[in-house]
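So, here's a batch of structures to check.
What follows is a pair of complexes built around chain A, which joins chain B in one and chain C in the other.
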Partner chain A sequence: MEQITIPIKEASFPQPFPGGLEFNAPARGMWNIVHTGMLLPEAHQIFVCARGCLRGVILTAAEMNAMDRMSWVGIEENDFFDSSMEENVIEGVTDILNKLSGKPPVVLVFVSCVQLFAGIDFPECLRELSKRFPHTTFVDCYMNPTMRKSGLTPDQLMRRQLFVPLKNTAPLEKNAINLLGSDFAADRSCELFTWLDENKIICREITKCSSFSAYQEMGKSSLNMTWIPQAVAAAESLENRLGQKHLHLPISYGEEEIENNYKLLAQALDLNVPDFSEARQSAGQALAHALKIIGNTPIALDYTAAPRILSLTRRLLEAGFNVTQVFADLFIPGDRKDFEFLQKNFPSLKITPTLHVNMRFANNGHLDEKILAVGQKAAFFTGSVNFVDLVWGRGFYGHSGVAAIAGLMIEAFRNPKDIESVITHKGWGCESCL
Partner chain B sequence: MKGFLKQLSPFAPDNSGVVSALFELGGLIAICDAGGCTGNVCGFDEPRWFTMRSAVFSTGMRDMDAILGRDKLLVEKIVSAQNSVKAPFIVLVGTPVPAVIATDFKALRRMTEKQTGVPVLTVESTGVNYYDKGASKAYEMLFDTFAVEKLPVDQESVGVIGATPLDFSSCCAGRYIGEAVKGKAHVYGMGSGLEEIKRASANKINLVVSPSGIAAAKLLEKRFGTPWQIDVPYFPEELLAALPALEGKRVLVIHQQFAASALRKKLIACRAADVAVGTFFMTEKSLFMAQDRIFKEEDDPAAAAKEFNADVVIADRHFKKVLRDFKGTFIDFPHFAVSGRLWEAK
Partner chain C sequence: MRIAASVISIHSSDTAGVCSALYELGGLTVVHDASGCNSTYATHDEPRWYAHGARTYISALTETDAIMGNDERFIDNVVSAAKDLGDLPFIAICGSPLPMMVGTDFNALGAEIERRSGIPVLALHTNGIKSYLAGVNQALCALAERFCRDGLKKNSRKVNILGATPLDFSVNGEVENIRRILEENGFEVNSCWSMGSSLEELSSAGAAGVNLLISSSAKELAQYFEKRFSIPFVAGVPVGRAFAACCIRALKKAAGDGESSMPCLSERTPAGDAAVIGESLFASSLCCALQMEQNIACHLLNPLEKEFAFMHSNEMNVPDESAVAGAFAKVSRIYGDPLYAPVAAAEKCFIPVPHEAFSGRCFRKKMRSLCGKDLKKEFEIC
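Right after this comes the complex of A and B.
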């Protein structure tokens, strides 16, 4: 069965392929709501869901050795119809909290699509729980994959709810900013952080918070910087609630956009626009060095590798790499400029879906030539053991991020990996007991 | 509180059981969900997902599909997929959302059959029951649909119903069971495919290796007069090697009932003092003994071990967590539907 592939010149934006039944490739490095929720220090997660929904989330917590921060209530068929939905949440959560040895400062309470379809009064549940446990902050959370294409997606919602417990307890600190929305700790070797340090600007991020009190410090920062569109809703909510300004500086792999982001940040912080020419040159040199080694080897990328996959594709193509294929089902609005550029300048670049039913039978494991894959799904579909295990950008940013990816490409080109053992590890970067 | 679990992770749900029973049979399996359930089924409950290319897909249900009941759109998606896959049959698998919005699976079956011309099985799993219930429905529907022709009985032919990795915690269980059976064994869904299912009437006998196989075996008995018996002919050597040392001991075995009961026979043969069986899953009355227990809550295994005064517990090591006061010997007996752990990974 042939792959469904089209040249980018024939692809429509933002959705190049029609919807249909969906294949779920066994690449598990991308994070889910459980992983993201675990970023909130000392928070306890309680899922009130059907068994079918619970199995995956609880085993996720088990795999990451975090079962002590997770509890759940399994609902049964009659619970949908006997007016006990709210009672299940209230009494279930109460019972769990009464049995925990210490009371967590924050409880993330999750319900799923079925309760929402059945009309659960979730706010009332949380009001009652707040009365019963006045020293605990309850956050409404949602495992609702049916909302992937309307309103805020579950991913956007989770990233927003993660910051609901932040409170405005003191005047905002002008010399402190937050980075919101990244699953991974930002790579602090990036020129951005060197510049912030030089100007004595503190940059807080949840991935660096080891306690709930450290997390609360984020409420004092005067500005929230977001790198991915999925975090924008969180920042907008905080701007409304706490008065923290929001600046969206999307991850980019293009020189011009990177530096434009820095200019915007400099303006917002009332600082001089920095000179990043050294970092820019280093990135260029890293790419040139990688090109010498990788040469004309075909390269395939997939959308899970980086938040702006077309930006990365464009940068690699402009640097002379032989990028032949991008695996993606949907592009984000921020991809449009790069999409149009690639259509015009690299019209034969192949776009291949990951969800299409034919991809179940993709020709993985039978390579006619060496391919360098960037991303877990690209590795799975091409069957290339030479792959960069890059998930959602890994916290790389700016010129140094480009250089880091170039380094990873060389490493992957030289050293094959076992695809199954690497890509079936759930939640890249998380602890795993498997 | 009912349904409250703190130590044990939830067991594999019925929709996973459906997929597990049908995974190797070449059908197009469409899970009626938004992608989350399919992710759970394939990512946690189907150890063959990486190595075998079965056509299991999500229907990609969205909120407006559920609210407006867009059955026509769903059928269009399935027909389009079937045009690519060209599967001999199609399966629609229920999940919590279709259960709540009362999806009309019969209508979906009729519409899909009409447009694709292949048999369509609709298994109305709900995601709130355990895997064995889903597998049971799937086996019954499978044999009801395909085992229709009465063939001469082959005296060597033995059908094996109820073998899944969820029950036997091995991707190779079909081969092991087949080798342990006397005669020409057909381990349905784990080595034996759709053509063998169509020829099920030729079996001299059907062996039922887990409770999920009972309904299908009864159907075949009624339809063709094929006798059936409960038997689990295979246990890993590692487990069997541990049994002789249990002479004189009181042993509690926690697993699916047929495996646990078959192990009881072996333990009694090794002169164990007494053996009780405990299970969270479906049970068959004929195997049930006075000391056996059906578990509902996670405190039940500990209570059963205490009440039975067990010296030894044989169970998935996942249960160790809830056997708080048990001070005796614990022997690991993986149950994939419980812990997601295979013998191969042990």
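Right after this comes the complex of A and C.
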């Protein structure tokens, strides 16, 4: 079956393809709310949902060998008709906590679409639980994918709720900032961190916290830096609640935007604007070196590879790479400038959906020519064994991030991988029992 | 009753059962649920997802559609997908918790989709709350009602296998083993519901002289065939050698006298210091095999819906973790999925028998094929 594809010049923004039934490609590297919740040290997750919803989250925990931090309460049809929704949450969570050998400092309690639709009094559930377990912080969490188009998405909500246990410990530390919202620990070889170190600025991130008390230190930082739009709600909430300033410095692969981000950060920290020309040149050289090796080989990228996939596409095209195809179903507002640039300057760039019904049968694994895929879905749909196993940017940032990706492209171009075994691993970077 | 667990897993849902049962038959199966919710099935319930494409999709239901009762979008999208995919023998639609909550009328949706597309529609009533047993039973019965032909000449050597899905048998060759055992004993496999058979083969199920029921997920189908085609069934998974031989004898007898039998129950007396936990027909068959081959007296613990269970009246239902823990405390040896192990005290002998419908793909590589095998080689005695 032919892939559904259109040239970018004909694509509409932000949704190039009409909605419909959806296929689910077997690329599992992207994190879900369970993976994200596990970032909170010592937290225990309790899902109160229907069996079908529980199955995915429980086995996410099982595969990452974290069942000791995951519990559940099933809901039955009767719960909706006999006023027992709240009781089910309160008594179910109580039973579970009474069974645990030690009481976790934080419990993330999740409810799902159907309870929210039925009007559950979730705050009352948590108030009652807090009375029963005064030494435990309960955080309201949501697995509500039907509501993804009515307010914050489950992903945005999860990233926000992850920081609810942070307490106000004013005065805030001027020489400390947080990085919020990244699933992966930031690559500390980035010029940004060198510069922060030189200026004795501490940058805390949840991925580096090994205990709940270390996590709580994040409440002392004076500024929250976010790299992805999905984390903005978290930072705005903390700004309101703890007075931590927020600075959104979106991941970008373009020189100008990278440096503009650094200027904004320098300004916020009351520091001199740094000179990053060396890092900039290194990134340019890394791309040039990769181009020499990869040459005119067609390159396909997908939206799971990086938070700003069109920014990365643009950077590669401007560097001379033969990017021919981008797999994406929806673009984010931050993509608009790059989208318009690509429409104007690379109008034949192909845009291909991943969810469309026909995409189920669009990968035949028989390539007429060598393709370099960037991202797990691009690997699946192109069938290319030469692929960069890049998921959501992997914690790369700035000029050094561009250079790192160039290095990964060379490695992937030279060394084939087994697509199935790599991309079916759930939660890139997480432990796996498979 | 509240069902909760602090550390164990949960069985696959009815929607997964529907998708699994219909996976290989070429139809379009649509679960009416939110975008992304199909990843649970695709990742944890369906080992064929990567290598063998099927027309299984999600409707990408939104809250707004649910509030506004926008069934039209669902109907339009299903009909449009059917046109895109072409050559569909059937369309199956089924629901999840939110459609249940708003009272979505799947019969009406099915009728309208069938009218617009001209393709037979199976309207299935799942809600994501019941277990896969309910989904598989419902899907297979709907399929049989719609597609099985009457008036076929009966052949007593022909057998239908009922209840084969990867949720119970994974993809480790166990279903092929069962086929081989039947063929080596003079039977011809008429159809297998529903792995390794085409829809055309399934539609000729009425030609069989006997049915071998290998999972409680097809209990209702066995009863349906008994009523509609007067085909008796034999309930038993041919685990081990001795019990496999027992199943074969029962099949031959049933093919001759037309009487159904349940060797998984009749060939054992529940007792002893060992327990098998899991899908009841398999667990009950394993109890028989252990008793026959290793002289282990054991009994069954049923964690799934009672209505589908094959168990003796003095055996226990263990619907939640507390019940499981209580039952485990009374025995010294347990056969079950490894994700039950944390509930068993350290001094217990826990023998892993992975079950895809409970632990998904976690232990797929360690799943053993037990049918027709020497159990002494498969299980070490604690």
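Here, the second predicted complex is superposed on the first by the 431 of 434 C-alpha atoms of A that agree within 3 Å, B and C clash if a C-alpha of one lies under 4 Å from a C-alpha of the other, contacts with A are read in each partner's own complex, and residues count from 1 in each chain.
Note that a contact is a pair of C-beta atoms (placed from the backbone, for glycine too) under 8 Å apart; a residue touches a chain by one contact, two chains touch by 3 or more.
Fair warning: this is a prediction, and the values are worked out from it, not measured in the lab.
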Room on chain A for both chain B and chain C (clash or fit): clash
Touching partner for A:I58 - first (chain B), second (chain C), both, neither: both
Chain B versus chain C as contact partner of A:A50, first or second or both or neither: both
Touched partner set for A:H135, first chain B, second chain C, both or neither: neither
Partner chain in contact with A:K200 - chain B first, chain C second, else both or neither: neither
Touched partner set for A:I75, first chain B, second chain C, both or neither: both
Overlap of chain C and chain B interfaces on chain A (superposed complexes): 19-24, 26, 28, 50-56, 58-59, 62, 67, 71-77, 80, 88, 91-92, 95-96, 99, 112-114, 117-118, 145-150, 355, 357-358, 360-361, 420, 424, 426
For the chain A and chain B complex, residues of the former touching the latter: 1, 19-24, 26, 28, 50-56, 58-59, 62, 67, 71-77, 80, 88, 91-92, 95-96, 99, 112-114, 117-118, 143, 145-150, 355, 357-358, 360-361, 420, 424, 426
In the complex, chain B residues that touch chain A: 1, 3-6, 9-16, 30, 33-40, 42-45, 49-50, 53-67, 77-78, 80-81, 84-85, 95-97, 99-101, 125-130, 340
Touching residues (chain side chain C, partner chain A) in the complex: 1-16, 30, 33-40, 42-45, 49-51, 53-55, 57-64, 66, 77-78, 80-81, 84-85, 96-98, 100-102, 127-131, 320, 339, 342, 359-362, 364-365
Residue ranges of chain A touching chain C (in the complex, touch as defined): 19-24, 26, 28, 50-56, 58-59, 62-63, 67-68, 70-77, 80, 88, 91-92, 95-96, 99-100, 112-114, 117-118, 144-150, 355, 357-358, 360-361, 420, 424, 426, 433-434
